[in-house]
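Next up: some structures, all given as structure tokens.
Across the two complexes that follow, chain A remains constant while its partner is chain B and subsequently chain C.
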Partner chain A sequence: MDFYLGLIQIIGVHTLLGLSAYCVLLTGQVSLAQAGFFAIGAYVAGMLTVLAHWPLIFALMASGVVAGAIACAVGFPALRVKGLMLVVATAAFGEAVRLFFFNFTYQVSRGAIQLGPHGGEGFRQIRYFPENGWSTLDVVLFIWTVVALVMAVLWWMDRSRAGAVLRAVGEDEIAAQSVGINITAVKVSAMTIGGVIAGIGGGIFAHYTTHIEHIQFGIVLATFAIAYPILGGLSNVFGTVLAVIFIQGLLIEGLRFMGDWRNLLFGGLIVLAMNVRPRGLLDAGTLLTLKRLFSRNRERSGA
Partner chain B sequence: MDLLYLIDTIQSIADGVLFGTTYALLGIGFTLIFGVMHKINLSYAAASIGAAYASLLILSVIKAPAIVVFLMAAVAGGAVGGFVYLVGFKFIPLANPLATLMSTVGLLLLIDEIIVHTTAGVPLNYPALFSDVIVPIGPFNLRGDLMFVFVLGCVCMVVLLLLLYRTRLGLATRAVSQQPVASELCGISITRVNVLTFVITGIVGGIAGAMTGAAIGMLSPLLSLPLTVKGLIVTVIGGLGSIPGAIIAGLVVGGLENLFQFLRGVSERDLYIMLLLFVFLVFRPSGIFSLPAGRD
Partner chain C sequence: MLELQSLTKHFGGVRAVDGVDLSVARGEILGLIGPNGSGKSTIVNLICGLFPLTAGHVLFGGTDISELPPHARVALGVARTFQNIRLFEQLTVWQNLWVAQNSGEQRQQNFLPRWLGGSKGAREKIDRILEFFDLGHKRDELAGNLAFGEQRRLEFARALAAKPALLLLDEPAAGMNAEEIDQLDSRIRKMRQDGVTVILIEHHVELVMSVADRIAVLNFGQKIAEGTPSAVQANTVVREAYLGTAAVA
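Right after this comes the complex of A and B.
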């Protein structure tokens, strides 16, 4: 049972990571920096609860704010370029963050043990949940409450003017500019929102794994972050969740019985999915079909 | 400053520049594919390493001198390039840039995993040529294997430039990269040019992979991600779509990388390369040799 609860935790945290990339992708920008913001959130939240004894909620808020502020600061120079250049710039930023934490040591001795991040060894003993008596189920509920909140906010944003503006920039920058949208402001705000979400996700990640190190936040995590929304489709926040369940639940855990062959299938299935459904698993066409299906059923039951 | 320290510094820069030809070749590959298709092929460096592995596999089946391994890597690279086009680009609508980006990420993971699966993740020794030759020039020593890699890289670039600027195929390739619609109206088959670009860049990549193996002395699947990042950085610093830019940026990045490794140690080395990239993005976003404005 604990195994499945753990899986649900992983899916929740990766959903947050995917949603952070979703915000940026809506404006048509591919950002590989999300793993960097995730790492910043993880280290900030971990240090605040372990070293400064903050309650978790405030630590998560702080990690969201810090990651968002850094995302905003990075957004200005990075968003001067687009396309491939932006991919490379953000990938380089993500790697720079990882290398920073690889060389970052700040330890405080508490009794016999040393606490705090320790360079290449990473940050051990983030024991907030066991120290405060949270059961695994509590943690699962907490993570999914946060996920549901973030999804609700994004869902609401998508249906408001802000979402229309984001999508307009993503579809055609010049057309968006010509109707008076400030492109830079829109892109930087999308980057900032993405940074906040990634920071919160990273903070939660640090607490349920209890041990973080630089290698977890590499370019692989960054590609996963953009893989979820692209694979799931950008028409809807639920596509991202679906893709996280597809990748983490089905491809990574569900194929364990295949042993060594699992990793081979992993890449192959992503390629296959993109060939079969280039606009994502849950694209606009499928949504429309689903809607029609449901409304027809309702008509029939009504008649 | 100590004279010996100065000599060591220059020596490390020289070694880095010699190895930089590998980055230059990878940068050319990224740039060519981007120029022709306006797409990023993230699986390129992984495919190059895969081609080098394939050449080792062929060499273990047939007995041949070590020089053949480079030829085999080129052939295997061409085959892998065609495969990447077929699986990652052929059936995906090109109007959607995110879909091909994702499919190449999938291919990157797939190629890496095929390597890990066939070799059980153990690094393999790669045959180096002239590794026992050391040419002393004054107080400096030039390693034979690095010299060979450098010369091979230069030959490869010259052949590629001749191909692009002196043949009809090269003309067609440049035409497609400038104006796809107009070149199609002139009777150039875009699909054919795309396939040939992938095969040619695959051949270049295979040679680059073999050169990496020969310079480092071994092959490991762990090489593909750092090479992807370095290749992309070289592409951006050199200017998207610019071949001379990719060559110069490759040599510069190779030299600086080794210099930083000598000055600050291996764990901080890449941090400075990233900073260099940021300096370029802020002050010269279009790279050393920028194309005329209005393209992205």
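Right after this comes the complex of A and C.
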């Protein structure tokens, strides 16, 4: 049972990571910096609860704010470059963050033990949940409440004019400029929102794993972050959740019995999924079909 | 209303636009014609600020807008269409106009309502423009699924959604049939009545001659003639530019 609860936690946190990349991807930018923002959120929230004894909620807010501010600052220079160059620039930022935490030591003595980030050995003993008596189920519920909140906000934003503007910039920057959209402001805003979401996700991640270290926030995590919205499709936020469940639940955990063959099959299945559904698992066509099915059923039950 | 002062744009060694002086009065329809590669579209791009000037100035309503970014020029009231249609194909027809409501007046609305949905007035404005372009029944279709003529109309409509004072139409009749060109003609006239100034770039000579008050002719990045449609039609230099020296002689 705990295994499944653990899996649901992972899916929840990775959904936040995927949604942060989703925001940025809507404006047509492929960013590999999301793992960096996630790492910043993890360390900030961990240090605030462990060293400063902040309540978790406030620590998460702070991690969102800090990661968002850094995303905003990074966004201005990074978004001047486009396409592959942006991928390289954001990947470099992600690695810089990882190396920063590899070298970052800030320890405080608490009696016999030392607490706080300790360079390459990582940041151990982020024991907010056990110390406050949260059961695994409580943690699961907490994570998914946050996920649901973030999804609700993004869903609503998607349907507002802001969502249409983000997509317009993603589709054609020249046309977007020519109808009066300030594309730099829009892209930096998307990057900032993405940074806030990644920061909150990282903060939660630090607390349920209780031990974070630099290597967890490398290029692999950045690739996962961007893979979720690409695989899930950009029609709405549920595509990303579906992709996280598909990758984390089905491919990574479901194929564990295959041992070393798993990695091979993992890559193959993603390629297959993208070939069968090039516009993402949940594309506009599927949504239309679902909508029709739903309205037909309603008519029938109404009659 | 609009004044171009020795407008110049070089791409490497190519003098795409070379010292063009041109002015457009409020409420006027100016036709801009010239052979392919004569610099017409480049002038439109320079007025909109898509790339920086090599030399010269763009004055709009008396102020120098040469250094302003494109979106700021739209806010002042300069809107355009593209020669090769550039719609937001994954957005619906309605959304294409929705994202284009960025005029100065529209910007002055409160931040939140503007980004969340726009006022009732703004929404009604979109519906009115769509009706004017006979696109009301297509409002929820994806722009990419429209027929070619409808896409041209939608681009025109999208440019109007920003409440422009000056509208730059870059070959709006390209690929249209005679009936569609007639409708375009009457829509341009209707817009002038509503107080919009128009610069019309067009290869379709009949349309330009019929609708424009004044015509400027470009060749190799320079203005070679300017005047009323009939005067331009009779101009020898213009005939040479289009047909070659031998043909005219």
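One rule holds for everything that comes next: the second predicted complex is superposed on the first by the 303 of 303 C-alpha atoms of A that agree within 3 Å, B and C clash if a C-alpha of one lies under 4 Å from a C-alpha of the other, contacts with A are read in each partner's own complex, and residues count from 1 in each chain.
Just so we're on the same page, a contact is a pair of C-beta atoms (placed from the backbone, for glycine too) under 8 Å apart; a residue touches a chain by one contact, two chains touch by 3 or more.
Since this is a predicted model, take the numbers as computed values, not measurements.
In the model built by aligning both structures on chain A, chain B fits alongside chain C without clashing.
Counting residues of chain A touched by each partner, chain B versus chain C, the larger count belongs to B.
Within the superposed three-chain model, A:171 lies in touch with chain C and out of touch with chain B [touch as defined at top]. Of the two partner chains, chain C is the only one touched by A:183; chain B is not. Once chain A of one complex is fitted onto chain A of the other, the partner contacts of A:81 are limited to chain B, with no touch recorded for chain C.
With both structures placed on the common chain, the touch criterion links A:126 to neither chain B nor chain C.
With both structures placed on the common chain, the touch criterion links A:162 to chain C but leaves chain B unconnected. In the superposition on chain A, no contact is made by A:212 with either chain B or chain C.
Using the contact criterion defined above for the overlaid structures, shared-chain residue A:230 touches chain B, although it does not reach chain C. With chain A used for the fit, chain A forms the apex of an angle whose arms reach the C-alpha centres of chain B and chain C; rounded to a multiple of 10, it measures 80°. Superposing the two structures on chain A brings chain B to within 9 Å of chain C, judged by their nearest Cα atoms. Annotation: chain A has no residue touching chain B in one complex and chain C in the other.
Residues 25, 30, 77-78, 80-85, 87-89, 91-93, 95-96, 99-100, 102-103, 120, 218-220, 223, 226-227, 230-231, 234, 260-261, 263-264, 266-271, 273-275, 278-279 of chain A touch chain B in their complex.
For chain C in complex with chain A, the residues that touch the partner chain are 48, 50, 69-71, 74-75, 79-80, 82, 86-91, 95, 98-100, 102-103, 114-118, 142, 158-159, 161-162.
Those residues of chain B that touch chain A in the complex are listed here as 34, 40, 87-88, 91-93, 96-103, 105-114, 116-117, 225, 229, 232-233, 235-236, 240, 267-268, 270-271, 274-275, 277-278, 281-282, 285, 296.
Contacts from chain A toward chain C in the complex involve residues 160-162, 164-165, 167-168, 171-172, 174-183, 284.
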